Amino acid sequence: MKLITAIIKPFKLDEVRSALEQAGVQGLTITEVKGYGRQKGHTELYRGAEYKIDALPKVRLEVAVKDEELESITDAILASARSGKVGDGKIFVTSLEQVIRIRTGEVDEAAL
Amino acid sequence: MKLITAIIKPFKLDEVRSALEQAGVQGLTITEVKGYGRQKGHTELYRGAEYKIDALPKVRLEVAVKDEELESITDAILASARSGKVGDGKIFVTSLEQVIRIRTGEVDEAAL
Amino acid sequence: MKLITAIIKPFKLDEVRSALEQAGVQGLTITEVKGYGRQKGHTELYRGAEYKIDALPKVRLEVAVKDEELESITDAILASARSGKVGDGKIFVTSLEQVIRIRTGEVDEAAL
Amino acid sequence: MEATLIEVQYALDTFYFLMCAVLVMWMAAGFTMLESGLVRSRNTVEILTKNVALYAIACLMYMIVGYNLMYPDSGNGFIPGLSFFLGGDNTLDEVLASAGEIYYSNLADFMFQVVFVATAMSIVSGAVAERMKLWAFLVFAVFMTGLIYPIQGYWSWGEGFLDGLGYSDYAGSGIVHMAGATAALAGVLLLGPRKGKYGPNGQINAIPGSNLPLATLGMFILWMGWFGFNGGSELMVSNVESANNVAKVFVNTNLSAAGGLVTALILARLVFGKADLTMALNGALAGLVAITAEPLTPAPLLAAVIGGVGGAIVVFSIVGLDRLKIDDPVGAISVHGVVGIWGVLAVLLSNDEATLLGQLAGLAAIFAFVFVASLIVWAVIKAAMGIRVDEEDEFSGLDMAECGMEAYPEFVSTRAD
Amino acid sequence: MEATLIEVQYALDTFYFLMCAVLVMWMAAGFTMLESGLVRSRNTVEILTKNVALYAIACLMYMIVGYNLMYPDSGNGFIPGLSFFLGGDNTLDEVLASAGEIYYSNLADFMFQVVFVATAMSIVSGAVAERMKLWAFLVFAVFMTGLIYPIQGYWSWGEGFLDGLGYSDYAGSGIVHMAGATAALAGVLLLGPRKGKYGPNGQINAIPGSNLPLATLGMFILWMGWFGFNGGSELMVSNVESANNVAKVFVNTNLSAAGGLVTALILARLVFGKADLTMALNGALAGLVAITAEPLTPAPLLAAVIGGVGGAIVVFSIVGLDRLKIDDPVGAISVHGVVGIWGVLAVLLSNDEATLLGQLAGLAAIFAFVFVASLIVWAVIKAAMGIRVDEEDEFSGLDMAECGMEAYPEFVSTRAD
Amino acid sequence: MEATLIEVQYALDTFYFLMCAVLVMWMAAGFTMLESGLVRSRNTVEILTKNVALYAIACLMYMIVGYNLMYPDSGNGFIPGLSFFLGGDNTLDEVLASAGEIYYSNLADFMFQVVFVATAMSIVSGAVAERMKLWAFLVFAVFMTGLIYPIQGYWSWGEGFLDGLGYSDYAGSGIVHMAGATAALAGVLLLGPRKGKYGPNGQINAIPGSNLPLATLGMFILWMGWFGFNGGSELMVSNVESANNVAKVFVNTNLSAAGGLVTALILARLVFGKADLTMALNGALAGLVAITAEPLTPAPLLAAVIGGVGGAIVVFSIVGLDRLKIDDPVGAISVHGVVGIWGVLAVLLSNDEATLLGQLAGLAAIFAFVFVASLIVWAVIKAAMGIRVDEEDEFSGLDMAECGMEAYPEFVSTRAD
């Protein structure tokens, strides 16, 4: 199994969620994060003093998937999360050794 | 070493923490997240218009553990986080290549 | 590629960010988390009743890096995040199987 | 000694006027809190800015020209004579010689009137929230408070033609509230709904307000200020009859708001299944608007009923405007416009001197003029500088785009909607 | 001309009454802000709803029957005669013929009295917060404001038997504040503490309030409104003596609150080690409650001391009630009940006409009646519809369960407790 | 009957005084909200605590000694005689015999004056926010409200030497506002800027306020309260002339604030590129401070201009003080100090009786005395107990360190700055 971690733009969340649902994903976990990257923040003045808003709000998605689904699901994310502008985010894939569903104790693919 | 990532119901956090302490865990990191899954949200009316609250609040726990402790610790989580109702959450296990304690520079198991 | 996850003290974030930039890191993602560990919280009284503030605010950093950069970057974090006091945090390293840049579809090292 | 007594009466009435003015001025804070609680946090600084600025603009414009337009020295009943700035106050001799005709300070009158203009303008700001350009709004405020409001106000309160037609509107359900709502409606029609409010298949999406304690505080402030709004509109307190009248106005205003609140709360519970706080707040305000056209003649029980009907109307009106895709984030058009009409008509329930014809004439004249005049001004502003922020700014919030700061920089989370 | 002078006096007293009523009405906002700041955010919409609704219900019920019960035309000293709705106001002739007996508008009196009922009821809402069903509370409000409060109010202020016994309670430390706290106590006893407040081994867990600026604002509003509460209770301002009295009441009210605040703040610092803001707020309110039974006769320094003692009592009372597992999220029972008793007794320090016996009789009668009557009403409501939300709703918050919305939908985080 | 009329006048003036006092008291809430909105959330409980406590301390200290110092029975023009506690009030006989000299209650006067002291002290709390020790501040409050403010107040309003020199300051642009700002300046100089405010290479870092709706509410409260502040300073309302004067003061106060707000908003837009809400708020307050020294004689248009100049000054002053590394989180020194000076000088624009020399003498004397006296008191406190919290507490926030609680425990995120 694989754990897909995707950093996306917040306003793309709804689209990505639908795409994932369509791709057969039954569950996911999201976290509100801030990202630094090629997309730069902006500088504002507050009472005449400067402040940089350089960490941009992003949403971090975690989806655990079966090995064979990996590609279709990353494709779904790619298609739905892309706006084409800098800052669209990244997908990270790591290997998942074990999954357990707490409610039932089911493990691995059955737990997804 | 392994990294255990568990998604649990927020109100179970205290219990899970005690269970982990008893299982010998010395440190953990928690994040407030929202989860989509089999447990469905609910629809409310606000000024007559509908809105769906479909992302449910969850707590995400990260615990780095020694290989030999893995089972006892996932068991502790399973036992303490279970309410038996849908939405109890998941445990994900990934392999951890390296751990460093920032304060001392100690590495790996000594750093846990 | 590796995924470095570091838990640090919030007030060290700016320093760590500069250090990472100097070490050639182009992007990172941060999450506000709470940590339990050797650094203990404190007990306060509210209207005469006790409450323990035991989860301490921490910042969780995620940086995806090339294998060969791993050491220089963890060193940069170690140097910049250390205050020498208990609670400085940890660095966790996991293996990263795949990285995709959503905007362009570039993969792996090109996507970092 | 008789002179001293006249002086004391003059002083009492002036002081009463000023206290009522302070209460109405306070309503500006009420609108501000109400609106900033009912919008999303990303548009909060902008709505705060709009509200503080419109109050200031209203005060300045009314001083410069509005007050003189509304209470002109000359005029043909439709178009008032033009003059600028405020005149002097009554001299002691004038007061004594007037045989009770002059019984309060002119400047106290100005002070009381000026806070009414601000009220009318405040109504607009809520309806166009979360998508209108700040400076476009402020330009409109200049025209609304300097020209549009005063001219129609002159018709009724400045001895213009509506006064002649017997239009009866004690404290301004029509003249202030419906007028404000009408200007808002014109703006909203040109502006369109907020992005995401109405779905492609006719869905109506809720956009929850970000801070309901503030909205509730705003409602309480408005309720409190309304005692000045209606109570001051008796214009006198210094004898038994007028003192009794003021007391009755206070009691009726309070009961009408109470009736509106309870009705809207129960109705929302029945229709929506939950106790919708925001509807209860709107219900109370609806009760206040409903009684404003005639807070004196109804018996207290009738006042509660008039407010109750207002509270019922507002629930259906809010839902109905949403069906028509007229997007009004705070319900201002329903509360002040639709219920304002009800208020003007409800005068007929207890005031024998009012006529259906007079009331309808007033409503029609005010609506038509304010609507057309506002539409023209909005359209000109739209052509000249645009009235709507661009999509990206609307998405990321007007606060950054217009004001460069966040309302709650430390604890607002990113939202996915 | 003498008639005119009488009219002016009547007008001044009426106006003074109305201004004081506005200030007391404003206290409803104060309670709302205080309580919504001291509960958790997940129960905030519900407490807002409760507060706005109880104010409206109080106004309606008191108009329908409560006012007439409290100031009845007939009655045997214990049970007042029954009648409905408000009567007419004083005619000019009556006023002139009364030789100063009739010196203010009846409706102004109603207006002033009605906001007192709402105050008493507001006290209840804080104590039962975070676990009581919304509609059960509102049903109780109907009985409390329509029957229970007016009947015991009649005993003292409506020339009932407590008045005869010499019970002295200027603005209602006992009649309003302790009465409200007693009804709250009865409710809390039937309701039980919030889940998680008391641990299995006798721990007392803190449940921090979610928005302390709001709570502080609430305290300031209450302090401000209290000038009307106590100041208006002189019932007259139009001659030198009563004007001096009103001024003294203002000064003493202010100093007593100041004394309470400083004492509670210092005491909390000494006992708890930190400057507990919420204790300081409760201390100020305790000072206000303490002086309410007699704000006129104490010298200013004594007023500050009476308030200071109130501020000390409240700190110990809050801690003590927690030991008894009487869970009162905002400290209402301590502030209004325990300190209310102190206030009634403190009358003896400066008012020679009050007797220990009279004060004790008043406390006993009010407490016994309000407690028993409230307990019965609460019990009936409990049997009929339940008074406590179910566990899951209590955990996830009353806001979603009762009102279907969140107070701060954009920035409230999930909490693990 | 003539006696009755005198009584009514006395009653009206007393009542007017008390209503104005309530409005000024309310300003304490305004400062509290303004300041708690402009600091970071981690320092919010502390600033709330500071504000409620300073108000209470001001009331107690002024009752104990301050009032008597400011309006002493004896004194040489520079140093007032010493006495304690408040005296009795005017008897009816004294009033009747005084031929109009005694026309309001002494205690009403105390009530009005005491809220002024609190205002002066509130100014200090904002400037030293986010780094000063709570208890050090409260100790300073004891001296400021009990000694420093009253002594310099005596010079002008207690018939001291500045009164003799013709220093003209209607409601205290200098005596209250600049005095408060001067004490603040002395404190800030000893205290130093907040950590992180000024970078090593001369950068000036913004530290955004955490809750702008609260700050806006605070501004509205202050604006409202200022009607009492300036309006009450006429000291009389009971005849045609004084009633007209009070009305004019209300109108001018309102317009000056409006002028200040609009000017600061537009200026900020031009200079900074965005509509800076916090500058608009400061602009309104600057308008209020600017008109305070002379709200009576200017024509309304001039009042708006005086306020407008104040609004412009405040923008440049805030930026300028930052350049000088004088860190004032809420802009109190600019609003009350720099603009206070402008206000005192602006008297010369409309009041023929004022002289440049008199005004400069007043400014110099007040500034010099308050600055030196405050510096000494601050220095002594610094030596005795320290005035600045330690670095770690400043970083993690004063709330936990001083008060052991958070303002928004459920939704404040960790911040990295």
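For reference, chains read A, B, C, D, E and F in written order, and residue numbers begin at 1 within each chain.
Throughout what follows, a contact is a pair of C-beta atoms (placed from the backbone, for glycine too) under 8 Å apart; a residue touches a chain by one contact, two chains touch by 3 or more.
Keep in mind that what you see is a predicted model, and the values were worked out from it rather than measured.
Student: Keeping to the contact definition above, tell me which chains border both chain A and chain C.
Tutor: B, F
Student: Using the contact definition given at the top, which chains are in touch with both chain E and chain F?
Tutor: For chain E paired with chain F, the chains in contact with each are C, D, in label order.
Student: Between A-D and B-C, which chain pair is linked by more C-beta pairs in contact?
Tutor: Top pair by contacting C-beta pairs is B-C.
Student: Determine the centre-to-centre distance between chain B and chain F, using the mean Cα coordinates as centres, and give it in whole Å.
Tutor: Whole-Å distance between the two chain centres: 52.
Student: Where the centres are mean C-alpha positions, what is the separation of chain B from chain E, in Å?
Tutor: 46
Student: What are the residue numbers in chain A that touch two or more other chains?
Tutor: 31-32, 44-46, 58, 94-95
Student: I need the residues of chain F touching at least two other chains; which ones are they?
Tutor: In chain F, the residues touching two or more other chains are 1, 5, 8, 12, 19, 208, 211, 217, 272-274, 276, 278, 404-405, 408, 411, 413, 415.
Student: Touching pairs of chains, all of them, please.
Tutor: A-B, A-C, A-D, A-F, B-C, B-D, B-E, C-E, C-F, D-E, D-F, E-F
Student: Spell out the residues on chain F that touch chain E in their complex, using ranges where they run on.
Tutor: 1, 4-5, 7-8, 10-12, 14-15, 17-19, 21-22, 25-26, 28-29, 32-33, 36-37, 44-45, 48-49, 51-53, 55-57, 59-60, 63-64, 85-86, 89-92, 95, 104-108, 110-111, 114, 134-135, 211, 214, 217, 402-411, 413
Student: Help me check something: in the complex, which residues belonging to chain C touch chain F?
Tutor: Residues of chain C touching chain F: 10-11, 13-14, 30, 32, 42, 44-46, 53, 57-59.
Student: For the complex, give me every residue of chain F touching chain A.
Tutor: Checking each residue of chain F against chain A gives 203-208, 271-274, 276, 278-279, 315, 318-319, 322, 331.
Student: Report the residues of chain D in contact with chain E in the complex, numbered from low to high.
Tutor: Per the touch definition, chain D meets chain E at residues 1-2, 5, 8-9, 12, 16, 19, 23, 40-41, 208-213, 216-217, 219-221, 223-224, 227, 231, 237-244, 246-248, 250-251, 254-255, 257-259, 261-262, 265, 272-278, 280-281, 284, 299-301, 304, 408, 411-413, 415.
Student: List the residues on chain A that touch chain C in their complex, please.
Tutor: 2, 5-8, 31-38, 55, 58, 60, 74, 77-78, 81-95
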